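When the chains are written out, they are named A, B, C, D and E in that same order, and each has its own residue count from 1.
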C-alpha cells in the first residue's frame, strides 16, 4: 500500500504548482494580448465594434469561469474542435481574462481628465497622435497597478482548471487527499502554496497603486 | 465530426434546472447580505484604534483574497470536520461565500471610508458624536455610495463563484447542469442552458442593484 | 473507424480512474496505478501501440468518451440500459459489487431502512443510478463530483452512509482500520466493462477478443490476485 | 472666570513648534477675530480649543471644563463649543434638516417633534426655512455654510469657533453668511473668528488678535488695532492684505 | 475683415439655451476681456470659438476660416487659435520642454534642433528657461500656467484664448502669469480673456465685454465700462464683485 510522507505531499504539490504558474503565465499573456487588441479595436470608436465588444465583455464576465471551462472542454469537442485539458484551460482563461483586462484598460483611458483631450485638440493633434503620445502613455502608467492586481485573480482562476482534469495545484491536492485522507493538512498546504504565489503580487499591486497616487 | 444539438430531451429536466436556479439565488441572497455585513464590520475593524483588531482583520482579508475560492471551500467542507466543526454542504457553501465576499467587501468599503474627507470625522466629533456614531451615521452611508459600483461587481462575482459549490454536492445551478448531463449525456446542451441562466442572472442582479440605488441614495451627488 | 485510427496513430487513449482504489489510485509520484491501469497496459501491449492514460472521474468519463478525448473507458464502469444507449460495452473484465456502507451507529440492512437518512454517492456512477431507483422518497442522496469527494465526505464525517464499490471499502479498511465503514447491504452485482464510443463495432470486437484471451492466458487471474487479493470469478 | 481661557499653550507637529505659548482670555458675549499670516497657527489654535488637536504644554479651560485628551470629556466639551469649518463639512447623504437634527437626536436624545421644531427655528434664523428637505449638494456655498452654522447652533454652544468660514465662497455669497454672524453677535453669542476679511474683522469684532510666529503678537479693540498697529509685523501684514 | 467674428451664435446644451445670439468682432492686436456672472456662458463662448464645442446657429469666422464641425478644418483652425485653460492641462508624463515641443513636432513637423530652439526661446519669454527638463508635477501652479502659455504660443497662433487662467492659482502666484500676458499684449498678440479679476480686466483689456444670460449685454472700452456702466445688470454685477 502506498504511504505518503509529509514530504511526499509537499513535493507533489510543489511539482503541481509549476503547472499553476505556467498556466497563469499563459493566461496572463494570452488575456493581455487579446485584451489589448479589444482595447485598440474599441478605440476606433466604431459603433458596431463597440457593441460587439461590450457584448463580449458582458458574456465573459457574466458566466462563471467554471461553466466556461466545461463549455470549452466538452462543448468544443462536440462541434468537432479537438481540445485537450491544456488547450481548454488556456482558451477559457484567456477569454475570461481578456474581458477583464479590456475593462481595466478602457477604464484607465476614460479616467484621464477630459482636459488632456481638449488640450491636444486645441494644439491640432490628430486622434491617433493624441492616443499615441498623450493618452496611452498616461493610461499605461495608471493601469499597471490594477493589471498586477488582476493577475492574482488569474492565478486563482487556474484552480478551476482542476474540474476538467487538469492536474495543477488544486487537483493534485484533491488527488493526494484521496490517497492520504488528511484533508485538513492537504488543503492547508494547498492554501499556503497559493498564498505564497498570490500575496507578493497583491503587495506589489498595492505598492504600485500608492506610488501612482503620490505621483499624481 | 458533426453534432446535432438536442434540447428537447432536456425538457423533462426543467424542474431540476429551476430547483438549481432557486438554490443559486438563495445562496446569492444570503451571502450578499452576510458578506456585506461581515465586510462592513471588518472595515470598521480595520480603522479601529485597537492594533490587534486591525491586524486580525487584515490577516483575514489577505488570506482570503490570496487563495482560490475552491480551496477555501474544500478546506471548510472537508478540512474543518477534522477539527470537529461539521457543516452540511449547504452551510459550508454559504459560509465560504460569505467569508469570501466579506474579505473583498472589506477592502472595497474601506476604500470608500478612506475617501471620506477628514472634515467629516471632525464635524461629527465637534458635534459630540461618539466615534461609532460618526462611523455608522456619517462616514458609512456616503462611503457605500462612493464604492457602490465596485460592490455590485463583487456581489456578481460571488454569485458566479457559487458555481464552484457544486463540487461539494450543493445542488445549485451548475450541479443541476452536471447532474442532468450525467443522466442524459447531453453535456453541451445542459451547460449552454446553465451558462445562459447565469448570464441572465448577472444582468438581473445589476438591474436590481440599480433599482436599490435609486431607492436608497436619494441625494443626487456626493 | 476507431480501430484503424488507433493502429495508425499508434496511440491508445484510455480513461482510467485515479480515485477508485484498487481499480485506480495514485502513487506517491501521482501516477495512476491499479487494476484498470494494468488492464489498459495489457490492451495497449496486445495492440502494439503506445498507451496514454487520462485520469477521469465517474461524472465526466462518458463525456470524455463521447467527445473523442479517449478511445476507451476502463474505469470500473458498470453496464446499465441508460448507458447502453450512448456507449458500447465490451465483455466484462473485472468483478465488482456495489453496496451501501456506513458507520456502526447506523442500523441499516436494506434500502427501505434508508428512509430519512442521508447517503453519499458519486454523481453519475452506477451506484447513483441504482440507489436512486431503490431508496424511499425520504432518503437524501448527496451527490459528489468524484469518488474522491464521496470518500472524503464519509471519512470527514460529513455523511455516515455511502454507496460505492465493496473493493473501495476493503481498500480503506486496510489503510484506516479505525475509520473503515462496515457493509450494510449489497446493492448490485456490477462487473466492470470497457466502454467504447457508440457504433465502433470493430473496436469492440477486438477488445472482446483480447479480453477472452486474457481470461484464457491467466492474465486476468493474475490481475485479480494482485489487486483484488481474490481469484477471478469463474462465472465472468 | 472667562468663558475661554488659554494659559501658555504650546503645540508641536512633530518637530514643528506651531504654538509657542499662547495666552488668551475671551469673555462671554465677546466677538474676537483672529488675523495673521498663513501658517501663523490660527487654525491650530482654534482646533486646540475644541480638542480636535492635542497640545503639549499649558492649559485650556472652556466653560469651566479643562480641555483634555479624553474622549468622554471631549464629548462633554463639544456641548459648550461649536465649530464651523471653511469647507462646511455638511453630511452629503442627509437633507439639510437631518444635518441639523443629527447631533440633537443622537447626543441630546431629543424627541422627534421637539427636534424638528428646533431645526426649523434655526433654519429660519439663517434664512433657509424653505430648504429643510433639500440636500446640501443642491445648495450654493453660502447656503451650505449657513446650514453648517445652524447645525452648530442646534447644540446651543456657549461659544462658536469659525475658521475662515467665508473663504471658500464666491464673493457674491459672502454677504449672506456675514449677515448671519452679525445677527448672532446681536443676540449675544460668543464668537471666535479666524478671518482674512479685514473689513469684517474691524466691523464685527470687538477685539482683534494678531497671531504671528505661533504667538499672540498684538491684541486690542478692533478700531485701535487697525488704525494704530503697534508692531512692525502687524503694520506690514496690514499693508500687504490691503 | 476682423480676426475673429461671431454672428448671431446660438448654442444649446440639450434644452439649455446657453448662448442666445452672440455677436462679437475682435480685431487683430486687440485685447478683449470677457466678464460676467458664473453660468452666463463665458467659457462656452470661448470654447465655441476654437471648435471645442459645436454651436447650433449662426457663424463664427476666425482668421478667415469658418469654424465648422469637421475634424480636418478644426485641425487647421487650431494653428490660428491657441487656448490656455484654467486647469493648465499640461501633459504630466512629459517634461516642460516636451510639452512645448509636442505639437510643433507632430503637427508642424519641425526638425529637432529648430524645435528645441523655439521651445527654449518661449520658455525664456515666460521666465522659465531653467525648467526645460522639469516635470510639470514639480512646478508651482503659476509656473505650470506659464508653461501652458508657452505651449500654446509654440504654434504661433493669431489669437490666444484664456479661460480664467489665474483662478486656480494662489494669490501670490497670479502676478507672474499676468505679467506674461501684459508682455504678450505689448508684443501685439490678440488676446481674448475670460476673467474674474476686475482690476486686470480694466488695466490690460482694451475692451470689456459683459456677458449676461447668454448674450453680450454691454461692451465698450475698459475705462468707460467700469467707470460708467450703462445697464442695471452690469452695475449690480460690479457692485457685487467689489
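Things to note:
We adopt the following convention: contacts are C-beta pairs under 8 Å (C-beta built on N, C-alpha and C of every residue); 3 or more make two chains touch, one makes a residue touch a chain.
Quantities reported herein were computed from a predicted structural model and do not represent experimental measurements.
By the document's definition of touch, common neighbours of chain A and chain B comprise C. In terms of their C-alpha centroids, the spacing between chain B and chain E amounts to 52 Å. Centre-to-centre separation of chain A and chain E, using mean CA positions: 46 Å. Taking each chain's centre as the average of its CA atoms, chain A and chain C sit 37 Å apart. Counting partner chains per residue, chain B has residues 1, 78-79, 82, 166-167, 187 touching two or more of them. Shared contact sites, meaning residues of chain C that touch two or more other chains, fall at 63, 66-68, 145, 149, 152, 156. Pairs of chains meeting the touch criterion are A-B, A-C, A-E, B-C, B-D, D-E. Of all residues in chain A, only 1-4, 8, 12, 15-16, 74, 77-78, 82, 84, 163-165, 167, 172, 174-179, 181, 183 touch chain C in the complex they form. On the chain D side of its complex with chain B, the touching residues are 50-52, 71, 74-76, 78-79, 81-83, 85, 87, 89-93, 95, 102-103, 106-107, 135-138, 151-152, 155.
Residues of chain B touching chain A in their complex: 1-3, 62-63, 65-72, 74-75, 78-80, 82-83, 156, 160-164, 166-167, 174, 177, 187-188, 191-192, 194-195, 198-199, 202-203.
By the touch criterion given at the top, residues 170-172 of chain D touch chain E in their complex. Residues 38, 240-241 of chain E are the ones that touch chain D when the two sit in their complex.
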